[in-house]
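Both complexes shown next keep chain A, but they swap its partner, so chain B is in the first and chain C is in the second.
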Partner chain A sequence: MDAVMQVASSEGVHYLAGGHTLWEASAYGFNFSFTMGLTKWMVVFWGVMLFMIIAGTIGARKKALVPSGWQNFSEWTYGGLSNFFSKMIGPHLGKTFGPLLVTFFIFILLSNYSGMLPLNFSMDEGTLSLSNLQAPTSVFSVTAGFALIVFFCTHFAGFKENKLRYFKFFVSPIAFMLPFTIIDVVIHPFTLALRLFGNIHGEETVVEQLMQLSVFVNGWAPAIIEVLGMLFGLIQALIFSLLAAIYISEAAEHF
Partner chain B sequence: MEIDFAQMIFAITNFIILMIAMYFLMYKPLKQTMDKRQDKIKGEIETAEQLKADADQMKAEITAELAKSRETAQEIIVRAEKTAEVQKDEIVLAARAEAQKMIDKAHAEIREEKEKVLGEIRDEAATLAMLAASKLIERSLNDTDHKQLVDKYIEEAGEVQ
Partner chain C sequence: MDVNGFYAIGAALAIGLSTLGPGIGQGLASAKALEGMARQPEIIGDLRTNMLICLAFMEALAIYGLVFAFMLFGKIA
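Up next, the complex of A and B:
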């Protein structure tokens, strides 16, 4: 039980380089910090980025009239997602925010799945051991960063579509609603960040703990959780991008 | 819950870089390819529709033309039949008239011939009568001789004839 608590509280952030905390503060149960350093999940982040860029470039390189193979898959993926979000937020907003939402979906999906790759080499007391990578989406700083992007995009869309009339939304229908609408505006991205972080981090923690506990036959119990993790990874990616799309279209269609 | 602002900034910047890279390396070229394909297919469908419309129009024109030709042919046949009928009547009439003419001519010729023959007979008879009279004058005849003479004369006339 102690081990579970410890892992959950430390969030398993290991610095490969650096790690000097320049600033630290604590408020409302949050520990804020500013630490310069390279963590393992940052490498995974770059790996996912690199994979997406290479796969996307290869997929878009061939411009055959009748697509086949990887080009077909790329077109299917991009076309399908782009259409899906365009239908949801309208073709006008889809033109501006389509790439953002498509990138969010693909990146979060691949990030979630990257946490299942057992490629984390570590030397413990002279023996090489393998464990799962840490998914970037299981770090609250990352999901909070994504939520911050959604937050800015939401209000950018609202301001762009409605100009100054957009601010009337905060005091509608009456000025009394102002505190509540402000809470609403803050809560939306906060839940977005917390939901993604909680699900992925929870799933990874469970797998990690099951790997360590000897009461289960090694491998079988985590495998079941991994299968569920495949499903959760897809669902979480979909929910994050879907809610981002809904928030953007809501802000844009106020008046 | 830990929030590290350095990590947050890392995530945000890297995500924005990823989005821009993906936009220029994947989304934009893919969209161009797909749009181009869509335009081509749309254009080809339009061309096909245009061709079909043209073909339909041509078919209608040909059908109309055919019907018109058939009508004209029918008209020509009717007219020809009418003309033939008229010509037949004319020919028959002409033939009849010709025949009548020929019959009339034949009749006239026969009559003429008859009259000519009768005239000749009459002349002959007159000549014979003259001859007989001269014979009678040449010989003084008695009643018995008279009969013989006439008979003889008739005989001679028969020989002459």
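Up next, the complex of A and C:
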């Protein structure tokens, strides 16, 4: 079971199981709620997790000195990405946070691409219909969870590298900057979550609208936007992990 | 006039106006980055990474507009 925080969605959420609302609030005419329940995107989320675990296990099962096949591919992928992030945040931090950033990249990339698989079966009055899956990253509660991990890792890195001198980071040039730095600390993970959610959710909405339009143009309109969506999915995964790397290295630099 | 019409106009204005600034900004930034890449092809990798980060920060502004458009759109009964 997972907690779903629904902030911005155009329609109600359908729960496969559960669905007890624990907390509800309304502000400025918008409704915020906190509900426990099993949703469709959680199943997709678990699918991506399962795929990554199986792919990783197969890649690391037989550790041949001269890798070939799947082991070669997974080592090439991990090595390339790990080198890329280590070059950005330095070899010392790269040893601690490299695996996290590589996981973020691969996980968000696969989540974004999972929205293109036409595997969403639904029974509607006896007729079986197929539509695209909903990408887990097109839900704000999922991206907010990613951003919370980045938030805690950032300050963990800061305290680990600088001990108590890390508090100087909040008053870094002059003490006058304290309120602005605190706003920054809150805003950074918030924008991180909102950027990923907005991009993927926006793209999915466009595809959904074009699906309805494509009655007139033989279904080719969504295909074009899906190709663009593949590029966006890659760029958003890269940007999320790059910004996480930058925030971590910023907090960990010595004062 | 029906209040739903105001929500629809508000949503359209939110996304429409919020794309103007980031559009111009991203155009300027990528033009300069491409110019730099053409002048010094040996630093293409560094420039591309930094350009993507800059574009992400500008894009966030348009995304705020998009999120508010979604929120207003959800209020249309």
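Here are some notes:
In the analysis below, the second predicted complex is superposed on the first by the 231 of 255 C-alpha atoms of A that agree within 3 Å, B and C clash if a C-alpha of one lies under 4 Å from a C-alpha of the other, contacts with A are read in each partner's own complex, and residues count from 1 in each chain.
The rule we apply is simple: a contact is a pair of C-beta atoms (placed from the backbone, for glycine too) under 8 Å apart; a residue touches a chain by one contact, two chains touch by 3 or more.
This structure is a prediction, so every number in the text was calculated from the model and none was measured.
In the overlay built on the shared chain, the residue A:Ala60 is in contact with chain B alone; chain C does not reach it. With both structures placed on the common chain, the touch criterion links A:Leu178 to neither chain B nor chain C.
By the touch criterion defined above, A:Leu117 lies against neither chain B nor chain C after alignment on the C-alpha atoms of chain A. By the touch criterion stated above, A:Met52 is placed in contact with chain B alone, chain C being left untouched. Shared-chain residue A:Gly198: touches chain C; no touch with chain B. In the superposition on chain A, A:Leu238 makes contact with chain C only, not with chain B.
In the superposition on chain A, contact is made by A:Ile246 with chain C only, not with chain B.
Look at A:Leu228: by the touch rule set out above, it reaches neither chain B nor chain C.
The larger set of touched chain A residues comes from B, when the choice is between chain B and chain C. When the shared chain is aligned, chain B comes close enough to touch A:Phe146, but chain C does not.
Judged by the document's definition of touching, chain A residues 11, 29-30 lie at the interface with chain B and also at the interface with chain C. Note for the complex: chain B touches chain A at residues 1-12, 14-19, 21-23, 25-27, 29-34, 36-37, 40. Within the complex formed with chain C, the chain A residues making contact are 8-11, 29-30, 88, 191, 194-195, 197-199, 201-202, 205, 235, 238-239, 242-243, 246.
On the chain A side of its complex with chain B, the touching residues are 11, 13, 22, 29-37, 39, 42, 45-46, 49, 52-53, 56-57, 59-61, 63, 65, 67, 74-75, 78-79, 82, 98-100, 102-103, 107, 136, 139-142, 144-146, 148-149. By the touch rule above, chain C contacts chain A in their complex via residues 49, 52-53, 56, 59-60, 63-64, 66-67, 70-71, 73-75.
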